[in-house]
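Below is the structure I would like to discuss, written out as structure tokens.
Letters A, B, C and D mark the chains in the order given here, with residues in each chain numbered from 1 onward.
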């Protein structure tokens, strides 16, 4: 496997003005306009304040939340519009869902090393589930503009896959699976992956989602002799390599920092057992 | 002096839905609709959460903020509309100013013992400044419906007295003073008080505002042989007599709890020196 | 984590026994944050609680410190009330009778000398409405001419010994968190015959007004309480529960049923709710209900089975 | 409070001297929260700071604890990183040269045995880029087979003595807050020749996931930092500054210039910014500017004149 994660653009700290923030199936879609951002690599992330910054600072919740850049486009004038797709899973994301235009959210980014595009002649096999789907759209969009891409998305039920419509609008093959059968194949996304791996074409698997799903995808890709990249979601305090809080254990020994060395890693390097 | 502070209605804990929250001169006017409140005595207060309660609880700022009931009227259906007039002086009030309809604010109240109305034949002399003005409107309204009332309001400048328009709509004599002369008499409100005290009519002075102002008013009333009630603004944690945090030292020795025994006190009982 | 099948909440037995004090559920309210109980009547039926702990009582009534006595800090508050209380006599004559007979009352006891503690307990021994004593061995903000009773092992031992002689009722000792080793202090109390421990009291602290350049509290130093201290309190309960066999009442920053359950898992048999009562005077009842619901959802038929059920990973 | 006439900010002399380390302003960044400095280049010109304190360095590189290593608490966070660091050699060869020569660097030093501390200092003695040492005597989360160096006066004394012999550069000792008497520990360090004190390190703490019934950190115990601990840290700085004459560097929950000034008023000559760097990587620079502005507004021509300027009311 030769793909090397893309280099990161230098991060800055700035404010994102909430343009839109609304529920979409089981996700929320937050659109921020950020005056001084320019470019992101697919799979890069930002650290967002846990909720809008109102008329006075609060210290609870304290830490910023890592969120993938779902989609970014140059805004009219300068800067860009950044879309974040998130699930409300705790206090920080719940407070984020209370943010309304034109409140401001503190943003640090772009951070981390994102996904490299598939090398020429290699098919990209993008496998997503849960909040992991948010890390994959920009990759799917850019890769499908250049070459052959298939996207496999899995979820509990149809409500979790309303978001698939964005992927459906791209020039790629999209396959869905839900556990309750309410949309696409009944079952796990890894069952779709098994079918896609039954080929001798060169593939590069990109997986992002719940740890068991990524781990299984990694094992299947390895068994099929195909490359696999995963994007890890570890708790983070800083997002830029100074707190050492996000360390992921490596099979070669020692740790990598998910925020600085990742979040994208070659799956074969990850020591899944102790990932937390 | 015989006036005894009015008895308090039993307090409850409930939610106030923000109907309106907008700046008015140097104050903000917050209108809450509270389903299960019915009646307030003038000078009573509520404890409000420091800012709206959003989709998840936050513990900073921690404590509720005491705020006088500026005005309350029965709402259509049940409950009532409570108006609070506040100044942004710190984090809690700044966050309160970020609250927007239809967000909810936690409310405990009505609390404390409010102002008794002037006894028959006694003129009410209502002296207000700063945030203290908010404690006096309901008193002025009810007292002026029954008898002779004069209201003296003082402030730095005209911007602080936009609120006087509410008082001007009442059947009472209103006199204003500003330090910069931008509205009413140039000078301190106590200068107006001195003039009003030059009478042999029986008076009851009601003062609420910055401590030096209340203290001075109390001294002047005492020298003139007239009664004086003040409404104290001590920091509070609970508002209903259990934390013992709001204690005000008394001239007779010991302490009174501002939240439970007050906030309205006979001025002569207050040991101003150690009020904090 | 062993999965268990959920139960109906009414099938959960919430009772616990705190060193001889039988409680209908593990939620008490903390000394000094709940007045004498009656103040909460408008908000909460006290019979929903495991019990209440009185404001710390002294032999004679005490007046407190000059203001300012309280201040807000990040997710916490400081207080230096000065142990103002009505005194043990007024407590017996006025406060106790005002409470419904089904409310379990623990009397918090304090004195500036050891004998005073014993006197207060002796006065309350014959009071059937007092279920037990909680010795306040830790008061960082009263100038008793030195360090806290609960900060030196030998002093604490002597205090517990002195009080134990006067007290036949269940005796809890409330520990100061301002110590190097909470385990040592816990063992000292167990050794002197305490029936249980309450921890923690407030962390000694200070805050400043940068505009006036004065301390926020007139007393300069005060006690820090509230959610800010919860992780420190949890650690101390965990350490103390591994050091002694007597039951522990966990205190510090409890705002929700989840917070309370953290203390149970770390080894507390019961908990006390303090500062949270100010934000929400009905919160202690909500926490009691929430613990039952949590136990049911996780398939624990007895809340007592949650006590010490923390699963510590092998390293 | 004595009123003074405001000054222009550029007329304020912000320099302070921290036990022989000359700083252009009193704001440093705290060990373990600022990496090796270079990571902040995108956000902040490090020359705006008084200085930076490195991640604690050991003789050999160290790998850290298994995850989870961090968790969020009310206005704070827990960490149990496990003192992962590149080791003193890589620090000298790779990290130091990457910093602009005008950046003042204090090397934080750690070891599991006293001799290791001395070895690290000895290796750095000849390094002109190292302005001084900060001895990390308090690490509640590394299983060194017992209690922290900084929790026992005799152990701490021996540690400082051992290191002092190896270190001619200015020597700061960073104290643990997990002690009964911070004043005693401060005096011990002064007695053994320390040039200054840094306080506080993190408060030992614990938090729990009630759904899985496991500690949030793999290491079970961790260190609490952030705004939650600020009032405790202020109290300790206040007490230590009254106990010793050597200068103090105040640490704990500093998020704003106001917070930093509170520490100065309580007797700290300088401060360190820790957890706040995560929320806002430019914050240390903003705090440095804010202190100057505050001093100017209050008419202090020298920031050093704010040190210990707390006005304590008579009672």
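Observations on the model:
Throughout what follows, contacts are C-beta pairs under 8 Å (C-beta built on N, C-alpha and C of every residue); 3 or more make two chains touch, one makes a residue touch a chain.
Since this is a predicted model, take the numbers as computed values, not measurements.
By count of C-beta pairs in contact, B-C exceeds the other of the chain pairs B-D and B-C. Farthest chain from subunit A, judged by C-alpha centroids: B. Centroid to centroid, with C-alpha atoms defining each point, subunit A and subunit C lie 46 Å apart. For the pair subunit B and subunit C, the distance between mean C-alpha positions equals 36 Å. Subunit B has its Cα centroid 53 Å from the Cα centroid of subunit A. Residue positions 66, 73-76, 218, 226-228 of subunit C each touch two or more of the other chains. Across the assembly, subunit A contributes residues 57, 59-61 that each touch 2 or more other chains. The touch graph of these protein chains is complete, with an edge between every pair of chains.
Those residues of subunit C lying in contact with subunit D across their complex are 1, 66, 73-76, 78, 147, 151-152, 178-181, 203-208, 210, 212-215, 218-221, 224, 226-232, 234-235, 238, 253, 258, 261-262, 265-266, 294, 309-313, 315. Against subunit A, the residues of subunit D that register as touching in their complex are 32-35, 39-40, 42-43, 63-64, 66-77, 79, 81, 84, 218, 226-228, 255-256, 275, 277-282. Against subunit B, the residues of subunit A that register as touching in their complex are 51, 54-61, 88, 90-92, 94-95, 97-98, 100. The touching residues of subunit B, when paired with subunit C in their complex, are 10-13, 49, 57, 59-64, 106, 108, 234-249, 253-255, 274-276.
Contact residues on subunit A toward subunit C in their complex (touch as defined above): 59-60.
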